[in-house]
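In the two complexes below, chain A is the common chain; its partner is chain B in one and chain C in the other.
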Partner chain A sequence: MEKSIEVKKKRILKKKTKQRIFIILMLAYPVLQFLLFFGYVNFDTITLTFQKFSWTEGRYVYSGFDNYIMFFDRIFNDPWTRRTIINSLLYMPINSLVILPLSMAFSYFLFKKVPFSGFFRVVYFLPSILPIVVMTMAFSFTFDSNLGPVNDIYKWFFGMFDSNVIVPSWFGSYPTKQMMIFVYGIWVGLGFNIILMTAAITRIPEELMEYGQLEGIGFFREFTTVVIPLIWPTVVTTFILGMTSVFTALLQPLFLTPTSGDTNTIALAIYNSVLQNQNIAYMATFGIILSIFGLPIILLTRNTLNKFFTEVEY
Partner chain B sequence: MKKILLTLIAISSLILASCTTTDPNSLKISVYLGGYGQVWINTLARAFEAENPGITVTVEANPDLASDIPNRLQNGSPDDLFFSHGINWEFLAVQGHIEPLDDVLQEEIAPGVKLIDKIDQSLLETASFNGTYYKLPWTNGVGGLVYNAKMFRDNGWEVPETYEDLVALADTINEAKIKVDPTDMKPNAATIKPFVWSQETYYWDYLVFDWWAQLNGTEFFNDYKKAESSEIFNPTTNQGHYKALEAWTDLVAKNPLHSVEDSVGKQYMAAQMDFLNGYAAMIPNAQWLEMEMISNINPDIMEMRMMPAPFMADAKTDDEGNPIRVNYTVGAGDSIIIPKKAPNKALAKEFLKFLALDSSIATFTEKTNGVLLAMNYDTIDLDESNLSEFSKSIIEINQNSQKFNLYSNSLMILEGKVGLEWPPQNLQYYATLFNHYNNRDYLTNPEAWLVNNEYNVRNIFVESYNHIKDNWSKWQSEIAG
Partner chain C sequence: MKAHRFYSTPAKVALWVIFGIFSVYAFTLLFPFAWMFVNSFKSNQEFFTNIWALPESFSFRNYSNVISYNMNTASGSFNIVHMFLLSVGITLAATFINTMLSAMAAYVIARYKFKGRNLLYSIALFTLIMPIVGTLPAQFRLMQNLGLYNTIFGLLILYSGSFGFTFFIMHGYFKNISPTYAEAAFVDGASDFQVFMKIMLPMAKPIMISLAIIYGIGIWNDYITPSIYLKNYPTLAVGIRYLTQTMVSTGAYAEMFATMIISIVPILAIFIAFRNTIMENMVAGGLKG
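Entry: the complex of A and B
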């Protein structure tokens, strides 16, 4: 009897050991990945902010808070640093307050199967699946004086009121070129958000929609009182992703205004710095300081937005 | 389980072995794939193999090579030799990632001729840092105004010799109002403009810097490039810089209708297509234009040539009183380097010596449509039948001009505190100046508008100089030795 209990205990122990090994193995990969790509990378970046490159020693040496002092000095004294930050900050309202509401509305229209919704679905999605190099080239060529139609239309329309009409330099003068980058962002960004929103709206139970229709609510009320509250977690996630574009906006200015310093963004400045192997420690400091300011704002926004509607399971 | 582990270990060992084993008879050359194409390196690779039986040369021609090189140098890669622009080689050299070339430069490539003797002497200074040579300069480029010779001939326009000629020519072309498409009957049909250019406004540098050097003399740049004090930017002593930009302003910015509409906002490829399609007679560009656009050139409407920079009225003169022809070396920073961790450094050095042979130099130029290696061409016999007229015009300028460049290994420059081209932020002012004048009021009544709105170009340089002077000590202290 005792022997069989002993055997059972051993079997349970063996099973538990196997389970532990399994759990450890399953957790090892994500934990290692976290330690390497988050822990180590961030530790290394923070360390770098206290260093500068020594040309005599051929390596990075400790420099105290020099990079931080340089950053604040440039914030106050360098208009180009300020413009880089302002340009980057402007991506937040464009993404979160323009592209997001528009994509919510368009997703709803597509969901309601308005006439030509299939066609519009393709029109919206196409920019999201084509390479950004192709899209930026197609977009800028549309506004080219000889290759695209926009300038001719502009001259024809405004020529009716002013015979000396001059077409704006779409990508040649600031702030017009910055606005054009945002227009491009809206055009291309809609498709991605619509995919997320459409997926969220499609999950809403049909009975809920039918109930609303039986109550006689119109499109607008259905959208605002049924759809938005039920897809709110997706809206919040997309809103937060839009906010993070302050730190990630890179390819649009890079491809649409390749040599323009005045459409610079934080990510583009860091990208160029890494590409040229120049001022990497300073740019690491730039990124860290802006993250320190940005993170609480993003967390606060998320917590505030989450209070708007109670999350429901369906 | 054991079997799986053993198999994994065996596979890993094989992978490691394949990574570390090097074949002493194989050479890998990685080349930036841009306007020069890759025919030249393939031809030279085959010629090197033919001259060295048993040696295999593999070529990687990669348009994204420049951004990849730092990683490859730091982490090691199968590359033995890199040809590329945009390598921040000084930074990588002091970290020990680039093989010094002092030894191979002293080796003979022909009886009594060392490799160092074959390097273009005006570019030799761009190859050393802290007294050690780490690179060979790659090309000796030419930039400036490219023009459509057929259009010039058909309309009786002469290639301008002086700045005044160029101004007059631009007026003539603009006033002629020749339709780009003679069959286009629309009242607003496009007419041929003197210039087309793009957002990549630095292409104007190739002309404007020539004017700067004409006015200051090329010797001026010897001290300028040392960047030892903020005084080098003083517009009182460095007058050529702002006067050259003033000349450009008078020629281009103050005449917005002399450029194809919205040139300042064009993508560079769109601008080049406009030039090829006959929308403009001239384009600021460089030696790679023909090769880059070769498949789009219609010989019925386009015969491409480069013109020497027209002379400014106050250009420095030689002993006989003739203005001195100068030419800014485009791409003086382009490099040929051997990684410190290259698997076959000895063979890579042999290839460098092979590259400096007269036959290789001629092959490079012939296969790149006239691009010159940064080598001495005195003994090179180019086969003219292999060269286009555009190539010949490039070579003519290159060989009959005093060359100068703006390469500097001053830490103030390498750390990006100031730029020698356009201090203090290395910004070009072309777009600012062009946009200033490109407005409705100026175009309808220029005299009245200019009374209160004339842009003082010199002030740009005065402000820039004051800014640099105020910050010089601070920037110096920011550099850690």
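Entry: the complex of A and C
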């Protein structure tokens, strides 16, 4: 009797050890990769902000708060730095206050079975799957000031009112080209967000929608009192994604206005510094300081928005 | 939404107005590509004469000419075929590695109780919602120090992060499957590894394929990572930009259109073939974060 308990205990112990080995083997690479490329990289980013590259020694040396001092000096004295930050901040209202509400309305009506809604859903998917290189090329060529098709349409349309119509140079000077980047952002972002929103709306159980319909409520009331509360978690996530675009917007200005410095963004400035391997310690500082200001705002917004509607499980 | 709804007259009018708006937006999405497609069959001369006319004769000359354009890097000369093959290889390898590793991590964290598993899950969730800017320089420095800069191997390691979107979907999946299958196999003497390989993975295959397609499209289209870490070996997403810029600078517009069409055909083919899977899973459940 005692012996068999011993044997059982040994067996369980052996099984436990085997299980432990299995867990370790399965997680070893993912955890190591994470520790190195997330843990260490974040730690080293902080280290980097207190360093500068010494050309005489050929390596990074401690430089105290120099990078931080340079940042605050530039914020006050360098128009280029200020322009970069302002451009980036503008992405937030475009994404969260223009594209998001528009895409919510679009998705609602797609769901309400506008004629050909199946076709529209497929077409609206294009911006999510085509490479951004191609999307931006298509966009900027459509507005090309010599050969783009929009020129002819513009001339034809405004030519009816004014025979000396001049087509603006869409990517020529500063405020116009920054606006064109946002027009592109809306064009592509709308399709992208419609996909997110449609996925959320389709998850709403039919009974909940039918209840409202039995009450005879119209589109607007159904949208605001039934749909929005039920897809609220997705709305919040998308809103927050729109806010983080302040820090991530990079490829749109890079591809649409390649030779221009005045449409610069935070992420593009960091990307370019890495690409040319120049001032990367300063750019790390630039990013970290902006994160320190940005993250609490983003978290606070997220918590506030989450309180609007109590989350319903369905 | 199977049953047909009966709408009142004002509601019908509203739906048709919205249909009009939808059509305009769909038109703006399709038009540039249709226009480039038509112009890609013209000669440059024809294009300059009239950007709206249909081609006089359909010629694939522009398409075959694209091959003669090269991008020269320190490691050699690359044309569009090289770029295409490189992209196929990297996308397949990165997608396979990432999906497998994500599934492995998700399975263990979802099904086994061990110290630190909740911590791992929370950290993964935290990294997904926290945008920390400015880490690119440190990542770049790490890649250089590890000797991974400018290597395909290094790029694959960067892509192999296993705690992203795929991880969360797989975690939810493994959490919800009934434990009876695994228990039966354990009684029969199967090892943990065998249960994972022979029972869990085959069961999860459909969802893994969907996630792999979505991840793969992301890798195929990725510009930022290869443009920094694989400077000498242009992938299609990176190379296309170089090639089309070269063509624009020499005025070879018709060939540029052909290049753009070539670059979107593979992705469109995948999309059409798997459109239901892709459309259902792109944001599985509407990104409930």
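Rule of thumb we're sticking to: the second predicted complex is superposed on the first by the 282 of 314 C-alpha atoms of A that agree within 3 Å, B and C clash if a C-alpha of one lies under 4 Å from a C-alpha of the other, contacts with A are read in each partner's own complex, and residues count from 1 in each chain.
We adopt the following convention: a contact is a pair of C-beta atoms (placed from the backbone, for glycine too) under 8 Å apart; a residue touches a chain by one contact, two chains touch by 3 or more.
Please read all numbers here as calculations on a predicted model, not as lab measurements.
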{"item": "Clash or fit (per the criteria above) of chain B with chain C on chain A", "value": "clash"}
{"item": "Which of chain B and chain C A:N164 touches, first, second, both or neither", "value": "first"}
{"item": "Touched partner set for A:R59, first chain B, second chain C, both or neither", "value": "first"}
{"item": "Which of chain B and chain C A:M137 touches, first, second, both or neither", "value": "both"}
{"item": "Partner chain(s) touched by A:L275 [first = chain B, second = chain C, both, neither]", "value": "both"}
{"item": "Partner chain(s) touched by A:P127 [first = chain B, second = chain C, both, neither]", "value": "second"}
{"item": "Touched partner set for A:F239, first chain B, second chain C, both or neither", "value": "neither"}
{"item": "Chain B versus chain C as contact partner of A:Y184, first or second or both or neither", "value": "neither"}
{"item": "Greater chain A contact set [chain C / chain B]", "value": "C"}
{"item": "Partner chain(s) touched by A:F71 [first = chain B, second = chain C, both, neither]", "value": "neither"}
{"item": "Chain B versus chain C as contact partner of A:L147, first or second or both or neither", "value": "both"}
{"item": "Chain C collision site on chain B, chosen from 6-14, 42-50 or 60-68, when both complexes are overlaid on chain A", "value": "60-68"}
{"item": "Overlap of chain C and chain B interfaces on chain A (superposed complexes)", "value": "137, 141, 147, 275, 277"}
{"item": "Chain C-touching residues of chain A, taken from the complex the two chains share", "value": "18-20, 22-23, 26-27, 29-31, 33-34, 36-38, 40-42, 44-45, 47-48, 60, 106, 109-116, 119-134, 137-139, 141-142, 147, 149, 152, 187, 190-191, 195-197, 199-203, 206, 213, 218-219, 231, 233-234, 236-238, 240, 244, 247-248, 250-251, 255, 266-267, 270-271, 273-275, 277, 280-281, 283-288, 290-291, 294-295, 298, 302"}
{"item": "Chain A residues within the chain B interface of the complex", "value": "52-59, 61, 63, 66, 70, 73, 80, 137, 140-141, 143-147, 151, 155, 162, 164-167, 169-173, 177, 257-261, 275-279"}
{"item": "Chain A-facing residues of chain B, complex", "value": "66-67, 70, 86, 88, 91-92, 94-96, 188, 190, 199-202, 260-267, 269-270, 273-274, 277, 279, 411, 414-416, 425, 427, 431, 434-435, 438-440, 443-444, 474, 478-481"}
{"item": "Chain A-facing residues of chain C, complex", "value": "1, 5, 11, 14-16, 18-19, 22, 25-26, 28-33, 35-36, 47-48, 51-52, 101-102, 104-105, 107-109, 112, 114, 120, 123, 127, 129-142, 157-158, 160-163, 191-193, 196, 217, 220-221, 223-224, 227-228, 237, 240-241, 244, 253, 260, 263-264, 267-268, 271, 275, 278-279, 282-289"}
